[in-house]
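Letters A, B, C and D mark the chains as written, and numbering starts fresh at 1 in each.
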Amino acid sequence: MSFNTFGHLFRFTSFGESHGAAIGCVVDGCPPRIPLEAAEIQVHLDKRRPGQSRFTTQRQEPDAVKIMSGVFSDDRTGGQVTTGTPIMLLIENVDQRSKDYSDIRDKYRPGHAGYTYDVKYGVQDYRGGGRASARETAARVAAGAIARKIVPGLSVRGALVQMGPHKIDRSRWDWNEVDNNPFFCPDPVQAKFFESYLDGVRKSGSSVGAVIEVVAEGVPAGLGAPVYAKLDAELAAALMGINAVKGVEIGDGFDTAIMAGEDNADEMRIGNDNKPVFLSNHAGGILGGISTGQAIVARFAVKPTSSILNPRKTVDRYGNDTEVVTKGRHDPCVGIRAVPIGEAMVACVLADHYLMHRAQVGEGTAWPFAPGR
Amino acid sequence: MSFNTFGHLFRFTSFGESHGAAIGCVVDGCPPRIPLEAAEIQVHLDKRRPGQSRFTTQRQEPDAVKIMSGVFSDDRTGGQVTTGTPIMLLIENVDQRSKDYSDIRDKYRPGHAGYTYDVKYGVQDYRGGGRASARETAARVAAGAIARKIVPGLSVRGALVQMGPHKIDRSRWDWNEVDNNPFFCPDPVQAKFFESYLDGVRKSGSSVGAVIEVVAEGVPAGLGAPVYAKLDAELAAALMGINAVKGVEIGDGFDTAIMAGEDNADEMRIGNDNKPVFLSNHAGGILGGISTGQAIVARFAVKPTSSILNPRKTVDRYGNDTEVVTKGRHDPCVGIRAVPIGEAMVACVLADHYLMHRAQVGEGTAWPFAPGR
Amino acid sequence: MSFNTFGHLFRFTSFGESHGAAIGCVVDGCPPRIPLEAAEIQVHLDKRRPGQSRFTTQRQEPDAVKIMSGVFSDDRTGGQVTTGTPIMLLIENVDQRSKDYSDIRDKYRPGHAGYTYDVKYGVQDYRGGGRASARETAARVAAGAIARKIVPGLSVRGALVQMGPHKIDRSRWDWNEVDNNPFFCPDPVQAKFFESYLDGVRKSGSSVGAVIEVVAEGVPAGLGAPVYAKLDAELAAALMGINAVKGVEIGDGFDTAIMAGEDNADEMRIGNDNKPVFLSNHAGGILGGISTGQAIVARFAVKPTSSILNPRKTVDRYGNDTEVVTKGRHDPCVGIRAVPIGEAMVACVLADHYLMHRAQVGEGTAWPFAPGR
Amino acid sequence: MSFNTFGHLFRFTSFGESHGAAIGCVVDGCPPRIPLEAAEIQVHLDKRRPGQSRFTTQRQEPDAVKIMSGVFSDDRTGGQVTTGTPIMLLIENVDQRSKDYSDIRDKYRPGHAGYTYDVKYGVQDYRGGGRASARETAARVAAGAIARKIVPGLSVRGALVQMGPHKIDRSRWDWNEVDNNPFFCPDPVQAKFFESYLDGVRKSGSSVGAVIEVVAEGVPAGLGAPVYAKLDAELAAALMGINAVKGVEIGDGFDTAIMAGEDNADEMRIGNDNKPVFLSNHAGGILGGISTGQAIVARFAVKPTSSILNPRKTVDRYGNDTEVVTKGRHDPCVGIRAVPIGEAMVACVLADHYLMHRAQVGEGTAWPFAPGR
């Protein structure tokens, strides 16, 4: 993880600005001979794509991905497969609406990265947020679509579990509902409520935050590279690195602070297949930075969009007090579109650690359930 | 951050097990000609050191650090200084109490890393937790003591702000109180209460979690390497990678999810010295993954120690159901000793990014407050 | 340096196959506010471009580079400048001549990477050498063009100093001659001879090797990161990693093995500007892995193209003995086009270490010529 | 490879100065459950150890290595094994002879790293060369001893093939002779000659260079990570990074420059076991940066020690012309002791790439000798 490259062995390097010619990434380290078609990537990009409901920005971007390298197909491969060489994924920008940027060119919008990019680099492509735009996350979703194919049997799913102060009712959790509403919400009742709630937020020119939960199932036990590339540490970096994220939890997260030791620790029993089973999952599938084999559960908080219609106090680039209003196309709740992004980042971390584990320990299980080992 | 190395340019590699000969680390990439005496490191180790009150484990470890390389002193250097070469810090283990490990040798303690280390590696030094022991964190504190000296004017301080369900009263926050109680608690009233509360927990054979807050002041604006080595992403990894941590927040953290956009974004004004000032700090000093120049505020949740006296259901290494009781010396609230560790990790991230920023942008400020730039 | 990424801080990740849609790279870590136009990159690509004389492959590739991200221009920047974000450089493949690959599809050409790619990955894009094609080196030349702009005052020049058994006469070395012949040869007399010599090689259907020398002037003293990122070690990797390179030397290289200690060590004197000068440069500008301030001199040997018209014994993919003839468009001496590639790799290493040095030591010189330091 | 860490997945970080308390390294990423005793490391250190004949420095260092972490032994492991955690190897310095350094403290010895370390860092531990001393290479040999155990069936052997201008006669090559003379020379006749030759060099107060060849057998085909972590590029960095090395070759190296294409490319035939065999090994076991399965052959040139008794012109730290004579204990031919070091570096690169390959491609062979793949 350095600069614009994510990952150790399964790694991707992203590029592009919101209003430049294109965005995309180079995925490196992917195992060879994995079947891969652009359509498999596109399905995930389509979930993140803006302009699909009145609750996300009205920018119209098809986000059509092209695989520019790293795959091959002939009559011996039986369809297009990865070759082990870098996979370049290109997404051309289409709707870089020509607009007047004179306002935000020189004024810093509170809560935006424009100020810090300018302080750091002394120059920035301010159009639409430039490199700091959430548009960059399309590259992550594309890379994540490849990552999903690396760990056999892996399933990574995300859901919005809170919008503003309103949490879902977990007793109504139904994964099938996630695709039935524009919020990726697993609780159909609360999803209905979110419609009117977010309409109100949107019409008032304001915005609101959210909490997203990502669950990974089918994760083999043993993934993680202690002590400083612990699986939970890497997930925390992956999720905190998503635009606008301000908090990350694994398992019971901050609630563990109020728990007693005997309530927090997940007890074990031998299951029907003679493998250990856990009687609960407060740990969120990770102990000591290594996966337990249970579902990995991570949550992250997304702050409200700072691009709002209400005027805010700020300064300009030349040292003057001023006010700013954001007029562009924006999301009243950016947390919604963070769901497929969170899934992608979790998938990338797991694929990376799957390869890291295979490197150090090999493919055979190290599982110790045998006397004499 | 990979395996046992932390950091990009300012990096340390730690080694050692709880009951082995020694623990320590090699600090690499440290700038040359920084005055450095072992005593400066020892002062931080002493804060983390066990056995200082009845509220931490009774293991007696002096944690005396030796600088084995990377420093030099002659009449031209005016005292011992770093040379730019690797600094090896050695802490010998003293109190590896000889005890009977037959119980935990084969039984997995719920909530412990023993199970996952065994699943991953097929072997482990189980004595006292081996490599997964919190003892490893002494190496982090030692490295952090050096990191603190790299960023001019940097101050990194931590405090315990919640124990179990009991939060401190922030209106009583007094940094001077932190060293006046065994909890690193900045609220003297709550600190008093924690004494009796934790005595009760301890005597009941149970344990309890905590929340720690770390505040870094004097951080230059502009630190952070977007997009995948964002300052907040790196802090999240650093803190989530501390033993027993299950959640991390920057600034208002999870509370931002319930905020409206206009309440969350920190407004700006030009201050008396013609530099921008922020009117609030919901962002915790980071925007777009880059420091704003405000105080950086991070919080993390520490789960309750899973080593408790009460018997728990578990399995053994050979596939049998069984029960386990942890008899060793343990902390009723491991969160307490996490305070100096959290400080150290934050200091290491900031030192690392100070060097990373200097590499890419140079020493002169890129600050744009001048017409024509 | 891992997989398809080169460099630590100034780093580029290349992608693309010989006969795919495009090749290119993402340059990351570039300092901001460096003026950069595509034409500055194109001039170097044009030197490497095939089909410019009868002595290089007749493939017709314009190698037109597009800067797809990482630059910005408005009335405040005074022309296009880098922004500190990833610079994606795209070179579309134009002349992927449709041909019959049935022969090389299944037969391994001796001396080619086709065999090892197949053994490693079990699949490959064999068209034109795929990822192992020298075509990938265009990405290096493009990245190198940016690297050249990072170290102030840096000049990196290369020359062909030997073709087959024929060395140049160093007493006739004239940098101005390098661009006056199709061989990048600094000796005009030998360049004339090379014409007829290589014509003979070409017409005989054979090929021949070469030795290239790269000289970097204006390198500040102090660059290099001992012990395992020594400047010479990194140059060795950079040059040995160019296709078909089998040997690398710094300074007097293998000749130092036959020298006596007093002949090899470069003596020093204080020069007119009170700075030390060296009385010779056997070391090639590097001592202990750190630049001395003298010119850095590196040489590398390029093996003869293995793609030749004469039939060779080989095996096919299915375990049968067979023969193979390479019919495609090829270079009779690939070493020629290695000159701009060698320059690029040296420039990238120096830019990278310039940033690495600035990170650890800062911008001020650490030069100790002052009593009391 | 950065600063003082070598390797990607199998990596070691070395520390220590020539006349400090200790030297050593932390080996990270080693697979678990590999039997490992200190004695297995010691046998290689003993080969590199100084003071074993009149042809190496008379410094008396036992170079006794202690394994401080990362191994475990109980009745289930059947002897001491690696645990997958960091292995710290400690070698205490014993013979840091107290001497008068006033001469070299301020004067730069021509050909030494003292000048460049001072220019870079502004300070250095000059005693015995400090960090730039060949003493650091003991850490490499120790790490290499572990690396040798990672690749099943791997054999890495080195030999001195040239001293000064005198090459060995390859027709007399006998690996068994290497341990029968103080030069690691496989040609017993030439070894005899070297005795008198080097005695003459030593008595004249001069020094001489050498060429070392390292041969690795049992290397699986398919190792190497193109394009920028090619196996040959990594070997080049590993060997060029050894103190005093100025040139590196793979296979026929610089001789390939004078070869014709048909002479250089190694032809293939199907062998008796239905696996491909090569009819020659000009490539030195590597094509396209990936191992072919043949023996890997690398050579490197070691310059003559610059520490000689004859006075040399130089400057001092304060800007004055002066002369310097090196009086300490030194090697008349440092190339001799470079043999075990070269072996170690090659073993480390191969172990690293063995793990890297396993990560990306898995343990099963990707060998394509089957119709339909």
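In this text, a residue touches a chain if its C-beta (ideal position, glycine included) is under 8 Å from a C-beta of that chain, and two chains touch if they have at least 3 such contacts.
Source: prediction; values computed, not measured.
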Sort out for me whether B-D or A-B is joined by the greater number of C-beta contact pairs. A-B
Find the chain most remote from chain C, comparing centres computed as mean CA coordinates. B
Between copies chain B and chain C, are the contact residues mostly the same numbers or mostly different, with half as the line? same
Report the inter-centroid distance (CA atoms only) between chain B and chain D in whole Å. 38
Distance in whole angstrom between the CA centres of chain B and chain C is 44
Could you please state the distance in Å, as a whole number, between where the Cα atoms of chain A are centred and where those of chain B are centred? 26
Provide the list of chain D residues touching at least two other chains, using ranges where the numbers run on. 3-5, 14, 29, 32-33, 84-85, 120-123, 131, 226, 361, 366, 373
Given the complex, residues on chain B that touch chain D span 3-5, 11, 13-17, 20-24, 26, 28-29, 32-33, 66, 68-70, 72, 74, 77, 81, 83-88, 105, 120-125, 130-131
Which residues of chain D touch chain A in their complex? 9, 29-33, 76, 84-85, 226, 355-356, 358-364, 366, 372-373
Mind pulling up the chain B residues that touch chain A in the complex? 1-6, 8, 14, 108-123, 131-132, 136, 162, 164-165, 201, 206-211, 221-230, 232-241, 243, 245-270, 274, 276, 279, 283-284, 286-293, 301-308, 310, 312-315, 317-321, 335, 357, 361, 365-371, 373
